[in-house]
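Following this line, the structures themselves.
One chain, subunit A, links the two complexes that follow: it is found with subunit B in the first and with subunit C in the second.
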Partner chain A sequence: MKKIILILLLVPLLFASDIKTEQKIYGLIIHALLPQKTEIKVWTDSQSPKNIFCLIKGVKCVKNPENADFLLLNKKKNIQTKGIKFATNIQLLEAEKDTIVGGFFWQKGRPNILFLRKNLQKHNITLPESMQEYIEDEL
Partner chain B sequence: MKHIKQLYSFIFFSIVLAIAYLFFSTAQIQQILNENVESIFIKEAKSFAQNINNNIKTVIKEDPYKELKENPSLQKKMEHALSIIINDTFKYIFVLYRDSNGNYRYLLDGSKEDKAHFNQRLSVDKKLWSSVYDTKVPLIINQKELDNLWITYLKPVVLNNKTVAIIAIDFSTQLPQSIYNAIEPLNKIFIYIFIAIGLLIVILIYQSIRSIKIKKESITDPLTQAYNRNYLRDLLSNIDITKYQIMMLDIDHFKQVNDNYGHKTGDYILASSAKIMQNEIRDEDILIRFGGEEFLIFIKKSSVNSYLAYNIAQRIRKKIEESRFFYEDKELQITLSIGISCQPEHFKTVSLAIKYADEMLYKAKREGRNQVISQSTNDTTLLKKTNTKSINDVKEALEEQRVVCFFQAIYNAASLTVVKYEALVRIKEKDGSITSPADFLESITYTNVYNDLTKSVLESVFTQIKEKKIQISTNLNFSDILDNKIFDLIIHELEVHKELSSWLIIELLEYELIEEITIVQSRLLRIKEYGVKIAIDDFGSGYSNYSIFKLLPIDILKIDGSLIKDIDTSEASYKITHSIILLAKELGITTVAEFVHSKEVLETVKMLHIDEVQGFYLAKPSPNIL
Partner chain C sequence: MKFFLIILIFLSSLVAKEELSSLLNSYKHESELSKITKKEEAGIIDIYTRHDLEVMQAKTFEDILKILPGFHFTRTTNNLMSLQKPTTSNIQFSSMRLYINDHDMSSSSFGSAALIWGELPIEYIDHIEVYKGAASIEFGNEASSLIIKLYTKTPEHEEGGKVRLYGDNTGSLNLDTYVASRVDKLSYFVYANANNIKREVYENSYEGESYDLKSDHSGHNIYANLQYEKWILELGSYYKKSDSFLGIGIHRTPTGGDLDAQHHYLHLSKKFDNDVKLELSYDNLSYARSYIDPNDIRIANAPIINNYNIRFDDEILSFVLEKKMKSEKHSLLLGSFYKHKKFTENGSFKDDLNTYSHQNNASNALNLYSIYAEYVYNYDITTRLIASLKEDLFYYSKVIPSNSELSAKLGLIKNIDNFQIKAFATTTYVPTALYQLYNPDNIPYKTNPNLDNIHMSIGILSFKYTKNDHEIKLIIAKNYTKDLIIYDRSLSYGYKNSSETKEYIRYDLQYTYLFNLDNKLSIGLFTGENSSHIVISPKYGGLLQLFSKYKQFDIYNEVTYKSAYDYLGISLDASLNYTASIKYHYSKDLSLGLRGENIFNSGYEQIYRSLDFSIPVTDQKIWFNMEYLF
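Right after this comes the complex of A and B.
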């Protein structure tokens, strides 16, 4: 019986490796955008990565977007907030290019990270050297 | 049985190997199929890329970024051309250029979905892309890290000897996936087979362990943890007895332990004694509980110590003697008697060697218990009382032809003329002295040396018969007739000396009427077919039984010496002998009086109308027939 329980516990861990990679990327992005915060409040309208955020070290998921420091958006939403908005697709990034700081999305089967310089400046954000190459002046 | 097991193992592993071979062959087929398909599609992609390259070179003069930016309709037209090529295999076809920061941006994108706009940035492996840009050499990239892409073919667009863009064709994973999907059911079958084999192996291992455990239980005595008789039965058929000495051990007065202290105490004594025995022997020795309080130990012989079994036996005996056994506030002291068969290889069977060790054990019991009795070539404990010869002494005498026959004349009682002789076996010692059979027959009983001796005596008797043409009798036991080897030997000798066999008389020592009397009867009849006469020796003493006349084909009856020697003085001997003679006459059996040692005895037996007489008064055994 113990062996069966052990197998049931191990199987999900095998499938967890991809999620961990995505979690790691989001962790890097969030902490690069908000380096001064020890606890970053995150809100998202996307269900799938929600659990990913909640497990990132130093991140706390919140239910109210107005209380969030970082908003991960999948669809266009009229949210009045001082928090940093980040897109999960290029279409939203283009549509909200005046307010959204950047996006992490997949194109041609390849992962793409993109930051908009003017919006970074609006939030007085200076990205670390390793992320400088992903900054775009305009779309 | 062992061969069948080996055959099963061979078949099982052959099947496993064949399945494994098929499994790896299938994997290899998949690999070859992938490579071939890959090669076909790369060839096609190269052709497409070349056409796109030609197309770009036709419309673009110098700077594709500038010219396409300024001419959106040209851009649209060219993207449409790219989109036509896109199919299930060629998933993405696009053209990128490298900006001043080293980033790659779209010039053209043939995709209908996931379409990028002009000058949009795309994250690519800059190192590989730049190598194409700088070297102007096309590159095939196997996309192992990207889930949806299989291969990317990159072709540089070179204008005026300068790379201005790169054409990229991404292959979908759909094709290798479809190959994989086609072969997958086969792979799954193999996996199920391997799982089934794995389970089978687990079950086999489990069953084997169980079987070993059950077998061990079936051959182990639960009380003493020694082997039991089941094990002994298997051992007897497999053991190389030349490598062992046999020891039979018995706890002295064990019945009294059970009677006085109860069976639980008896069991405790048995278990404790067995433990002591086990501790005193080596791993290669075998301890068996033979039955009750009797144990049997097979001691592996040592090349340097022929006294090994004797030494171990003494060690065990001493250890048991010195031990104090405590059970439920009772203190007990016990002793062991031990008999040893040091050279079991000389016996016809291991069972006989064990029987011999048992006889030695009973000698030890008779001689006062708590002692070890062993018989071997060098073991003086057994040879102490008499001049008893060992097996090797007799063997040596046979080899050196020092086993000889003496002949004692048998006379017709009325005429006192010699009518026959009795052959009596002797060993001629190296110093010329003569050893009688009483000093060597016992030590060779049950052994192959006894067979050799019988053969030698028969040959010697037939030599004399051939030479002297006179009847000669030779002595055998009932057990010899029952022994297949000796019986075959007698028949063989009779066949060889067929024309002389009617001169031969076989004297059988009268013995307890044995269970296998019908076998003896049929075998004696077979012997008699050669004209051989059958005599019963020493009749009238011991286990004399009149039914013997009814059952066996007897020609001659030799009346026991104990009746004859005092026939002239003992009325009882006289009357018994008289009645035997009368009975024999009625049955038509010739009578012989042995032990005729005086004139008075001779006259008395003559008076009783005995047929033949034999004894020292008439003639002593002599090496030659006169």
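Right after this comes the complex of A and C.
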């Protein structure tokens, strides 16, 4: 219950600021995956979305992937970390489907969000009701 | 408190759910590729986004040409699509230039792509940009005043595949399919199409006999886009076969004849890190025409014939190099290109009695060199100045004298609060097509190797006012055209340049209201007047479009209006062409649709010389459409 209340409190904060749609989407995803954290440490191997991330409320970008709570991955495979891994393309999501919790990527001409149930369970993550429709058992 | 909390959680959950799906929808709209590719400094732009094309259930390039503001869409006697400016006849084919991504689709022989690509199925096209009054400098290619850019779907966005099948109530059938993926550093998008389109058959009577005027067409198209790091290789192969409609006989009484055309091309490009862009391309085209008319075809320098066969083969080799330099205030594009265009013509002409027969073979080649520069100065955040220059040098292998042409453009884009003003002054030319310059036998038509290019001076003013979700735009364009090419059969060399300068003024008013991202109303009115005050096409045109979404349904309504006109002794009333479509999204991946065209059979009709009735440009049809993503 606390997690949900925290998301509810964070969501208005996210939308209050004049940030881009992509940031808003990532903001919703990050805070839904790590609802208990007020400051989330994020690492990414992708150059382009780095700035998008660092401006999200409650997010702090870190240089070392081992220190990250959340890793946004575009290319890098087999990173050994306890953090939550999230992909920006479908190929990486397929390659890392045993460990990665989900992805936000383009497929079939449209942007998609997808969470893998078994990997959410491995991290003991319960997504809010509003995001249940994006959970899949398999790719 | 507990009850209040439950209610709060429930409501917030609904908001978040709505929020994420609507954010994804907003993101999709914001990520439209047209936002990246459009060039404001190139001229006046009309953009047809992917969303527009999908809701319209657009099938072919023609579906866009039909609604192009400022033009009437029509077709020629031999079944080619064409455009008319209000009050005037068909525009010169070579004044419109078509690109697929950065590749110029024009043929050497005709200087235009309209002859082959007019009915192009566009399922592999992401969006379409139409530039008016451009000098073509910005696109690093040959001169033209109307530039249409078709941008293909990209491997990055399309991962997966699609099948689209549509057909109509007359038995037409079209199949499109594509796949896209990435393997390590290689991305690819591969598309294939096959089509067989039936059209209304009209009848013409002559001396008690009835002749069918057919205009069916069929063909196939293959396109591949391969990307490796910053290299892009495109391959295209399009084949089209179509009936000859009225043909070119004196009495419009065809008993056969067709067009058999194909265009294959390769285009390799690379953007280097230092903003240098390199493009290499090769085109191979053929265009074979036959006309059969038992009641005589008139050609130059020969008696009356009944069988007309002509084939043009083109090869084009092109090399483009560009460098961009950019600072906060200044932007400079320097470019050059070289093109080698080879053109071969083979003809065979005879009468039914075998009393006359002639064959001709001719070939020529053009080496075209061009250098160009475009400078953009951002005076402040509201003011942008544009200046561009281009010099083209033409060297022919045979007979045709070498020549050069200079194109120049000055432009201003100024934003004042909710207003945007665009002003462009362009001086450019329309390159003369090789078929008009070289044909040593002067059969079946006469040519003039000393023909000058058509020269144009274009002034365009555009005022745009935007407030909240309303946008209103007024465009005023004035053209001065000199050296117009006229065909005069009484002259020994046929084509000549007119000594008269023609003026043309066009007014275009457009209003758009965006209810939200998925619901849009667009209304446009346009008119034009030529200096000779002769009216041979409707003086006024209008367009209403309504894009709507209701639950799982995409709904589209379109009405085109053309005013009444008289031509060749035939009077036509004003016309309204109503087109509507509805698409049901059964799931994210499967949709089913219906599209009705010219629903009340009251659309624009074309009057043709030597035909005592008019013919609708668009058939009355119902299309069934199925799309499946995998």
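Note that the second predicted complex is superposed on the first by the 119 of 139 C-alpha atoms of A that agree within 3 Å, B and C clash if a C-alpha of one lies under 4 Å from a C-alpha of the other, contacts with A are read in each partner's own complex, and residues count from 1 in each chain.
Just so we're on the same page, a residue touches a chain if its C-beta (ideal position, glycine included) is under 8 Å from a C-beta of that chain, and two chains touch if they have at least 3 such contacts.
Since we're looking at a predicted model, the values are computed, not measured.
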Contacts of A:P128 with subunit B and subunit C, given as first, second, both or neither: second
Superposed model, subunit A: greater residue contact from subunit B or subunit C: C
Partner chain in contact with A:G109 - subunit B first, subunit C second, else both or neither: both
Subunit B versus subunit C as contact partner of A:E22, first or second or both or neither: second
Common interface residues of subunit A - those touching subunit B in one complex and subunit C in the other: 90, 107-111, 113, 133
Subunit A-facing residues of subunit B, complex: 91-92, 94, 101, 103, 111, 114, 116, 120-124, 143, 146-149, 170
Residues of subunit A that touch subunit C when the two form their complex: 4-5, 7-8, 11, 15, 20-22, 24-25, 28, 89-91, 105-111, 113, 128-131, 133-134
Touching residues (chain side subunit C, partner subunit A) in the complex: 5, 8-9, 12-17, 19-20, 23-24, 26-28, 30-31, 50, 153, 156-162, 182, 588-589, 629-630
Contact set on subunit A toward subunit B in their complex: 90, 107-114, 133, 136, 139
